[in-house]
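Lettered A, B and C in written order, each chain numbered from 1.
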Amino acid sequence: MHQDTLFPADPQTRAIARRLYGTVAGLKLICPHGHADPAWFADNAAFPDPTSLLVIPDHYILRLLYSQGIPLEALGVARRDGSPVETDKRAIWRKLAAHWHLFRATPARLWLEQTFATLFDVTETLRAGSADRIYDRIAERLEQPAYRPRALFERFNIEVLATTDAAHTPLDQHQALHNGDWKGRVIPTFRPDAVVDPEADGFVANVAALGALTGEDTTSWRGYLAAVAARRQAFKALGGTATDHGHPSAATADLSASEAANLFEDALRGRLEPTGAEQFRAQMLTEMARMSIEDGLVMQLHPGAWRDHNRLVYERFGRDIGGDIPRPTDYVAALKPLLDRFGNDNRLTLILFTLDETAFSRELAPLAGHYPALRLGPPWWFLDSPEAMTRFRETTTETAGFANTVGFNDDTRAFCSIPARHDVARRVDCAYLARLVAEHRLDEEEAMETAVDLAYRLPKRAYRL
Amino acid sequence: MHQDTLFPADPQTRAIARRLYGTVAGLKLICPHGHADPAWFADNAAFPDPTSLLVIPDHYILRLLYSQGIPLEALGVARRDGSPVETDKRAIWRKLAAHWHLFRATPARLWLEQTFATLFDVTETLRAGSADRIYDRIAERLEQPAYRPRALFERFNIEVLATTDAAHTPLDQHQALHNGDWKGRVIPTFRPDAVVDPEADGFVANVAALGALTGEDTTSWRGYLAAVAARRQAFKALGGTATDHGHPSAATADLSASEAANLFEDALRGRLEPTGAEQFRAQMLTEMARMSIEDGLVMQLHPGAWRDHNRLVYERFGRDIGGDIPRPTDYVAALKPLLDRFGNDNRLTLILFTLDETAFSRELAPLAGHYPALRLGPPWWFLDSPEAMTRFRETTTETAGFANTVGFNDDTRAFCSIPARHDVARRVDCAYLARLVAEHRLDEEEAMETAVDLAYRLPKRAYRL
Amino acid sequence: MHQDTLFPADPQTRAIARRLYGTVAGLKLICPHGHADPAWFADNAAFPDPTSLLVIPDHYILRLLYSQGIPLEALGVARRDGSPVETDKRAIWRKLAAHWHLFRATPARLWLEQTFATLFDVTETLRAGSADRIYDRIAERLEQPAYRPRALFERFNIEVLATTDAAHTPLDQHQALHNGDWKGRVIPTFRPDAVVDPEADGFVANVAALGALTGEDTTSWRGYLAAVAARRQAFKALGGTATDHGHPSAATADLSASEAANLFEDALRGRLEPTGAEQFRAQMLTEMARMSIEDGLVMQLHPGAWRDHNRLVYERFGRDIGGDIPRPTDYVAALKPLLDRFGNDNRLTLILFTLDETAFSRELAPLAGHYPALRLGPPWWFLDSPEAMTRFRETTTETAGFANTVGFNDDTRAFCSIPARHDVARRVDCAYLARLVAEHRLDEEEAMETAVDLAYRLPKRAYRL
């Protein structure tokens, strides 16, 4: 990777970007939101092979290959019905290599090539002719102790890494990490979607599991709320500082206790219509904000994805294979009930994400630039790329400033991509700041300070880490 | 402020931008839309102190400080219930100084720092350590005759300044200015929202006041329309050339006279449902277009803000404290009834504004690039910043050209920021034009002419000044 | 036209752009979608005069002149009622010349000036003083054999040009071309809107005409489908490779055969309500996808225009005079029924267009970057300009890559503008790629290859040409 990657071509601006980047390139990584598996660090087992580590779990890669006609079976994605899929990891790798040109100008390429270069000392380009050599090089490294999860965590210079964990499941690996003597800070994030969304698979069973974990009677609205609050405490006890909520919309509600109790009762009996389910989820966001004020957990909201839009892919392969599609997302009306109650409360931090970038300048920056409880999460999922990250700064900063944003989230299941993702984000922010400096809109000294804010101080402060 | 502020870093483009800016930097300011207080010029009293002049009336500043947890009481904003708030102006100023870093890369900072430098010869940066010195310097200046409103008006090189005035209130200060011998051209703008929106506070009383001012019987639909028309004449007699309409949406209607009369009757009796209120406002926009064709007043429409979104702030402090939030705004269906009647009439000029920048390329440029009656107002409120002004040009020019836009509006209550706001707009437009020249999309001579159009000729022509 | 037109000013980036452009500037033109008249090539008659060729049929020019108050009558646009309009072609030309400044920074100007320079050796700027000289120069050329349609087709270096042809009309000119011995490849595109949209003018008669052309009984749903399928074959037999669908929305449906048959019956009897008409159109898109899988015709969808928004202009002058206005367009819910059936089928290619650029990053790139059947058409109509084409790349590439896009469409009725339009598109793409290279996001060699893909290989492959 060239040292000036992602920096503007203008020599004066590029020189500024280089200097800014020099101040942040080596800062420790704050990873407050992502999908790493805590078992990696609890067990510290070697990663099996290049394909299982770098290809199969990365839906950025799967979806683009799939869009060009490569069956998911040929990429080793397991079918729900147990039908055979490709199991030859090297064959899958070769398939990726043969189609690597599809990834030109995508962030997935930036991340993977930087991973190759910095982690595995691979300097040649991935293509049919180099596929085997690169595969072998990576496979050989993965057998070495220095490539075990804990060693990589340290090598990656991670200060803290939050995983995302269902509220109704035990936190065995986190407990093990907590009890163990490894110094790496890996913490859970409270993700209650499966016990909060009446339309989630197994909602009733999930709520029962939550009751069992907490010893609360989750057949009543009061008991259910007590169970949720207790479970939040359990996450907090293992170092958790945040909750995360993936809802179809940003709808919130402020119902009376009896209305909410009725919805809950209907939900448990499977009698809720879609509008009732939406109302219940909406009410639960407001309940979560209330609990956040009580227990101090930072709240994150990720709305606006149509999950599993591709029916066939969902039926054959299940969730998270690349079939989520964004939709227009309203925040202004949707959040009002919650904001009417808690929006002016400094104790609450509610971090908003979006897949609909039209909301950046129209809704999110105006909201976060006004309500004390609101902050803007970084560009997410389809927007976590250089161009979109630049647009995020260009459309939010003038109204919300930098201080109402929370720095970067890598938000990934692809562990090895974490350093590259942070590096890309730091480069993009430095490029943006360099332009401000070159255009005399910011002093270089202020830009230096801001670069450190964006890379390190803001996420640490926003997530109370 | 550096001479190259906001100009692209590329040396060739920057040199072009400098030359273009050189042709417009000294042009007189046309201020066809804003919120200056006519009493300033009628009374010509000294401004009281730096904080009252520069901080408390500026909701750009209030909202960002508030978003970071600083109570509005601590910023001296009066509470409706008369509870005590900070009255020590210097203490408030120090608070701003201590948080000045929050404003990095915001337009509020550009405007205030340019005001400091050009108006008060303040050259050091605002921060805790410099707060008192800067406060004292400004306070001392404000006592001088050269800092009285009329002197500043002349110093600012303002050719004409339009205020915004409720239709149902007397125009005493404008009358005094009209009768007086000061040569400054300060004119009213007819803003009838309070007598046109059945949901406005005191609608019935406002309509009665309109009747009293005009001697018309505003209890009937015909009398009400006659009163509105008469009041427009009164504004025109004092130099007004425009009306302004701040509606929740851009909805227009073309009802029969009897339908309209029924709505009006229901509105006076407080019997209108929200949909009826929307219909009445919609009908009134079409009536206003009709009257504009008759009396020649230019019509402005500012739709799309959710006013007073923050319930607590509204209840405690009232309106215009920074709690307005934009929403998606439709123009294509909304304006059709009005356009079907008057959209092809060259005598009408209807200037459209938006807070939803997605409408620029999708709806507004196509509409204004076709209908003879339509023009595009400059980027407004959350969009009146360098990045957003650039996006406005980049998303409207190719479809609507320059001639269907109307130059800049400062749209401010912050009097001292007027020169800085115009300067920023001129710089941004010159930077945009310089890029077109550098990319051989426009000759430099044409760009020079266009720069003068945007800064001076277009607003003067569009507002018939 | 300057050799560096549209290239970034930064010298290093510009040098890269020049090199990239050098590899594509001379490639043959692939014109897979447009509105050329097949009669031009079948008859090969001389074009009558400069105004009839370059002004009257170009709604980009008409609409901007009209927006600034020039009556369409004065521009020679025929009125439906036969009222007199300007017939002096030179007078119309002078009108354009006198208002040529309105077109600054618009694509219409880029295209026309490049046409002047490269086709007619006109080097002076169009203005009142030069109007007659330029008119005479062009008129004189149009009389020469080298300016006949076939000669221009060859001179323009067109490899293939697809016209757009109503499904229910005979293809006489295409048949003549097919039978003739001219080597130019001009092919039809199957456009069935008039027989698929129950709200189209003359729907019932159109369906009857379709029946007559195919010998099928189009009074029954089965016969109607058979007629559509047969007519597609007729287009295919004359070289057609694609269908095109201009619908108000992107709605699709997957109804039972009996539901569809009922809608069809109601449509024929003129009994369909607007929602029924929308449902029928929606169903027909899914039927078309099914037929595409059977016969291999590539499917194009152009949704989101409010056709003939200007009532007065439509009533006086008819369609396609510049009164179409875009609206927000949903793809995610709208396309789901079709995608649920055919979205994963590699045999289908469905090319999506939009007038709502907010869909690029939010919906279209995520959809095309996942579903094997989907591809993204180039920016269309109000978005076919340098800035918008750049935004298209910046908002789609990171999620969909290049391979899910289909290169350029000139989509024009203005025959002489075809080379200029392709040239602008190639320059814009090279400028975009050059920035990626300068920022070390793409190797120059890859960029070279990609530039050729975008200009030549992708459209040829996507449209199966």
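As a working rule, contacts are C-beta pairs under 8 Å (C-beta built on N, C-alpha and C of every residue); 3 or more make two chains touch, one makes a residue touch a chain.
Note that the structure is a prediction, hence the values are computed from the model and not measured.
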Task: Same or different residue numbers at the subunit B/subunit C copy interface, by half rule - done: different
Task: Superposing rotation of subunit A relative to subunit B, computed on C-alpha atoms, to nearest 5° - done: 120
Task: Mean-CA-position distance for subunit C and subunit B (Å) - done: 40
- [ ] For subunit C, write out the residues touching at least two other chains, lowest number first.
- [x] 8, 10, 328, 358
Task: In the complex with subunit A, residue positions of subunit C that touch it - done: 8, 10, 12-13, 328, 330, 332-333, 336, 339-340, 343-344, 346, 358, 361-363, 365-372, 374, 394-395, 397-404, 435-436, 438-442, 446, 449-450
TODO: Going by the contact rule at the top, pick out the subunit A residues touching subunit C in the complex.
DONE: 1-2, 4-11, 63-64, 66-69, 101-107, 110, 306, 309-313, 322-328, 355-358, 382-383, 385-388, 391
